[in-house]
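Each in structure tokens, the structures are laid out below.
Next, two complexes with subunit A in common: one pairs it with subunit B, the other with subunit C.
For the complex of A and B:
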């Protein structure tokens, strides 16, 4: 019983990270029909930058805030300089390659900076484990899924009640029409990349105390976040949240009962299987091709 | 251009002959053989990236799959180099198909993600399945390559690799110039138009990925023989990036680009080794620089420069006007059945009913106009009967054949062709090629014939070219045949769309607002053209706002309003229908064309 509880709780923690990352992909895809393939690296940026700022003597809360802000700036810059120049050409793969290139550069810079070591990020959330139904977890791990839920709700609120949020939805629906209605499409797209990266950097900071920060921490998390977005349907924010949490839990069970390698095999095979059966994802809407 | 490619292949063959003779030691030859192996991967990947515009970030995984298949079959079953690489090709192709098919029918972007994931799966399987792969310690003692039991010397092995790369380059070059390559390029430039011309985009993309997978697999088998040892950590994500970079740097879509790219990136690491930790960074930076400074790659950029320096001479072949008539006139029993009927066709978008039980009958051979105020559901109607939207209820058929539920490419193959309101040309292809893409469904030659340029393939291609030129002449574009489509003025782009649609030899032609944006004179010419098309026995469904044009050409006019058919009669009757006048002007009045257009 306690083992099962343990798997569920730690699964929800890592699942919350997947959900946050996938939410970022959802936001970017909705507005730009393109994503930042270096999105996983925003997690690395968030976590490593926090550690560096802490080392420079800043208090934890300020270090976190600055790192998250830096993540947001990074996302906006990527959109401006690596996505937008290629987005005009429909069907262009330029943005994909450019963002991949940036991802490679960041990862290798981070490797050089950290000498390839993993670094701890101290957090009050991992000082003492708590026991829930026999399972031991850090408060930090309980916090993560909560943040994911709040972020999804927050996104919905922004989309419903703010001008920027409505503009984002308008652009998702029809870029050209939105632009004709006086919406500054470029600005809103840049903003949504920024928003996605804020979430990414925050996710990196949240998970780093549990798994340690390293140059390569973001790659796999980013990839799994995309897998979650594909399984859920990249068009659905609530779907991404549910699938993200679920994916984390399933992974923990496979890891626990079979092996770590099996975890990756099962997780990604699941993604391909879902694509076969439900091409638009479990919660996604079929996109009507505008002719 | 053709001679340039022949020259290229000659030089390439010469280079492959000279290198082993000049190599001063075994190490040098070995590095060159490594280049040949990478070249095979890059040439195959070029089909995916250069022709279909999709990206794979998992070629290292497929390379590994091939290497393990080759290594295992050679050690366990004593396969020779040909058998082992065939086995590797088969296994990689199979996995390629399984990966690509579900992915590319949704979004091309997904392929990049799925392939990264696949690379990870392969790595993990190679680690886990110790009994087969040797786990992390890898697979050693792979026997030296033999052919039919005869052990290959270093030079003989070299020859196998050189022939393989030369053949791969030649075959993909042939593929590019065939109907498969043309359709792949078309679908990467406008998926919608490709589907409307009867091209099954999903199958083509899957084919492209299978080709890329096979060549990575074969290269893998060769690699396992060259190295005699393989382990999971040889095949990393950064190798996938390197393979991708080979194609992009050399020039995606060009014949020799990937070979050049593979050459540069095989020898570059020798120099980059001094950079140590910065090596990966250098790959990223190089990719970024290429994307901004040299997006067409080395050979692509050279090619464009050459074209600017020596543009194509204008074509001046005599055109036999009978070609158009002979090609397009449907056989006698066909004409009587080219009838389009819709029954209670309803399309709802959420709460909005765009089309409300629309029942329309387009009689064979007539020019049928569909009009209605903005938002009446005209475009929805066209997009539904051409298979782009799914009707909520109701059905439609052509010549008694049920079409509801069929995909747009299937509907096109059953004889329905269309043009687009916002033109959907294959911008980077020539005007002539655009039309030949329209001939796609009438080619009979298969993939094998395309790869070897069989006499049948050449004959059919010549015939398609003759028909395409005649069709261009028919719409008045013959002198523009070799221009790039995106440089045509707007009015001519519309004509090109018509020629391209006609190339499918349709029974019924849907023209979606063909007069929009045209000058008065162009509209007059359009009216003449529409009459000529109808005179060939092709049913024309004309969606139009332009009242003069409709009154001038239409036999029957159907009026849509709020998704419902409110009138369907000859133009003179419709003109006086009070409901139509009401729909257009909101009150009493007379819908008379201006004085000039007198039918």
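For the complex of A and C:
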């Protein structure tokens, strides 16, 4: 019993990270029909900047705030210079290459800054493990899925009840029509990239005490987050949350009952299988194209 | 046709090396006499193990300064040329050729990454230049089946490290309840047969062998399997980041066996894991902490004077510094014995060096009659250290040394 509980709790913590990353992809795709493949690296930016600002003597809250803001600025810049120039032509995939390249540059820069070492981000949340039904988990880990749920709910509220949120949905539906209705498409798309990166940087700070901040911390998380978004159907925020959490838990059970080496094999096989059966993802709406 | 092609490609290679060297060399280097004897080092100056390139440079430079103060080698001043391989085998191979053919150095010092060192075996033998490893511990780098063998090492050897760690583990758990955790890389997978062999030599078998990947955030499933198998000691082939995740996973499930690791967890585990790292034992070749020999004190004094290291606690890669320091002195001795900079003559002379070094008394440094003795450091020279409040201290006499 305690073993199963352990896998579920550990899985929810990891799954919460996947969900947070995938949520960022969802936000970008929802407005721009393009994503920032360096999104995993916004986690690195958030975590490493916080540690550097802390080391420079800033208080924790201010360091976090500045790092998150820097993440937001980064996302906006990526949209302006690596996505918008390419996404203007339909069918262009230049933005993929450009954002992947930016991700590699960030990893290289972070490696130079850290000498390749992982750095700790001190947090009271990882000082002592707590026991739940015989399973051990750090309070910080319990916080991660909780934040993922709150972020999903918050996003829904923004999309439903704010002008910007509705504008995002309108653009996703039909860019040209939205533009004709007086929506500043470029500004809203830039905003959505900024919002996604804000979330990414915050997620990086949230998970750094558990996973340690390093130049490569975001690489696999970015990939897994994207896989989760695709499995869920990138157009559905609640779907992304559910699949993210589930994906983490499944991974732990595979590690527990088969082997660690089998984890990625089973995980990515599942992704391909889901795409074969439901190309639009488990929760995604089938996109109807009128000719 | 082949000859022409080879000549042409050699020309192209040669000239591109020359251009690259000119471009990369600082003005002072470019201006020096091409005949000034040099030692070349291909190491990671960038990439995840960038600290290692710095440590090798530090150790080698201190030794070279001492040698030059005493008149250099064969009456000439020795110098160090360092190139970055970033841990990438193709770059290490490229650097090997550049050091030998463009810079015409007397010997090559190795770097941190075993995959890079394994790749260097082939060009080193094709060219015929002596190579002295100072870090990468992979067994096959030195025990490569070549005769004559140009690969030497003043560092640990995984085969012997495995034996050393198993012996230490058996002191804690005489019944042999030992689990092995290793990273899913060439280094980790290469150690599994070494550890298994060391275990069966002692007449026991691992109760669990668990693997993990770089960047894994949680290892509770593996830890629980080791716990349920009754492991009292865990031998670890990991780097600091994953070593920390392993400790935290053990903390989560409330399982605290004795952890003994190869030197991958000797970087900043104490900083990452905090108090959880206290008592974790790590194999090293040298420690600048604790009582020092006269030579140790003099190297420390140079670290303080030239590198601004006021406190030995600040030294993160003491083993790498010490290995490089001893390797350069052994090489300088060999050059004096050979009486020339000729690669083959120096290789032969390496077997005749006897020296009291920083880490050990090398008598002789290498043994031509024993293929295992292309390694200068023997298992009895290995040192067990322990993490204590963020610093690695010698295990003997530490708070964790209960005499078991």
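By definition in this document, the second predicted complex is superposed on the first by the 290 of 291 C-alpha atoms of A that agree within 3 Å, B and C clash if a C-alpha of one lies under 4 Å from a C-alpha of the other, contacts with A are read in each partner's own complex, and residues count from 1 in each chain.
We take it that a contact is a pair of C-beta atoms (placed from the backbone, for glycine too) under 8 Å apart; a residue touches a chain by one contact, two chains touch by 3 or more.
Please read these numbers as outputs of a predicted model, since none were measured by experiment.
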item	value
Which of subunit B and subunit C A:283 touches, first, second, both or neither	neither
Partner chain in contact with A:74 - subunit B first, subunit C second, else both or neither	neither
Partner chain in contact with A:261 - subunit B first, subunit C second, else both or neither	both
First, second, both or neither for A:275, with subunit B first and subunit C second	first
Touched partner set for A:14, first subunit B, second subunit C, both or neither	second
Which superposed partner A:104 touches (first subunit B, second subunit C, both, neither)	first
Which superposed partner A:3 touches (first subunit B, second subunit C, both, neither)	second
Subunit B versus subunit C as contact partner of A:112, first or second or both or neither	both
Contacts on subunit A seen with subunit B and repeated with subunit C across the two complexes	111-112, 219-220, 259, 261
Subunit A-touching residues of subunit C, taken from the complex the two chains share	46-51, 184, 210-222, 224, 240-241, 244-245, 248, 251-254, 267-268, 271-272, 274
For the subunit A and subunit C complex, residues of the former touching the latter	3, 6-7, 10, 13-14, 17, 111-112, 115-120, 126, 129, 131, 135-138, 207, 210-212, 214-217, 219-220, 252, 255-256, 259-261
Subunit B-facing residues of subunit A, complex	34-35, 37, 82, 85-86, 91-94, 96-98, 100-105, 107-109, 111-112, 219-220, 223, 226-227, 230, 259, 261-262, 264-265, 268-269, 271-272, 275-276, 279-280, 288-289, 291
Subunit A contact footprint on subunit B (complex, rising order)	49, 53-55, 57, 98-99, 101-103, 105-106, 108-110, 112-114, 116-118, 120-121, 124-125, 127-128, 188-192, 237-238, 241, 244, 248, 277-281, 283-285, 287-288, 291-292, 295, 349, 379, 382-383, 388-389, 420-421
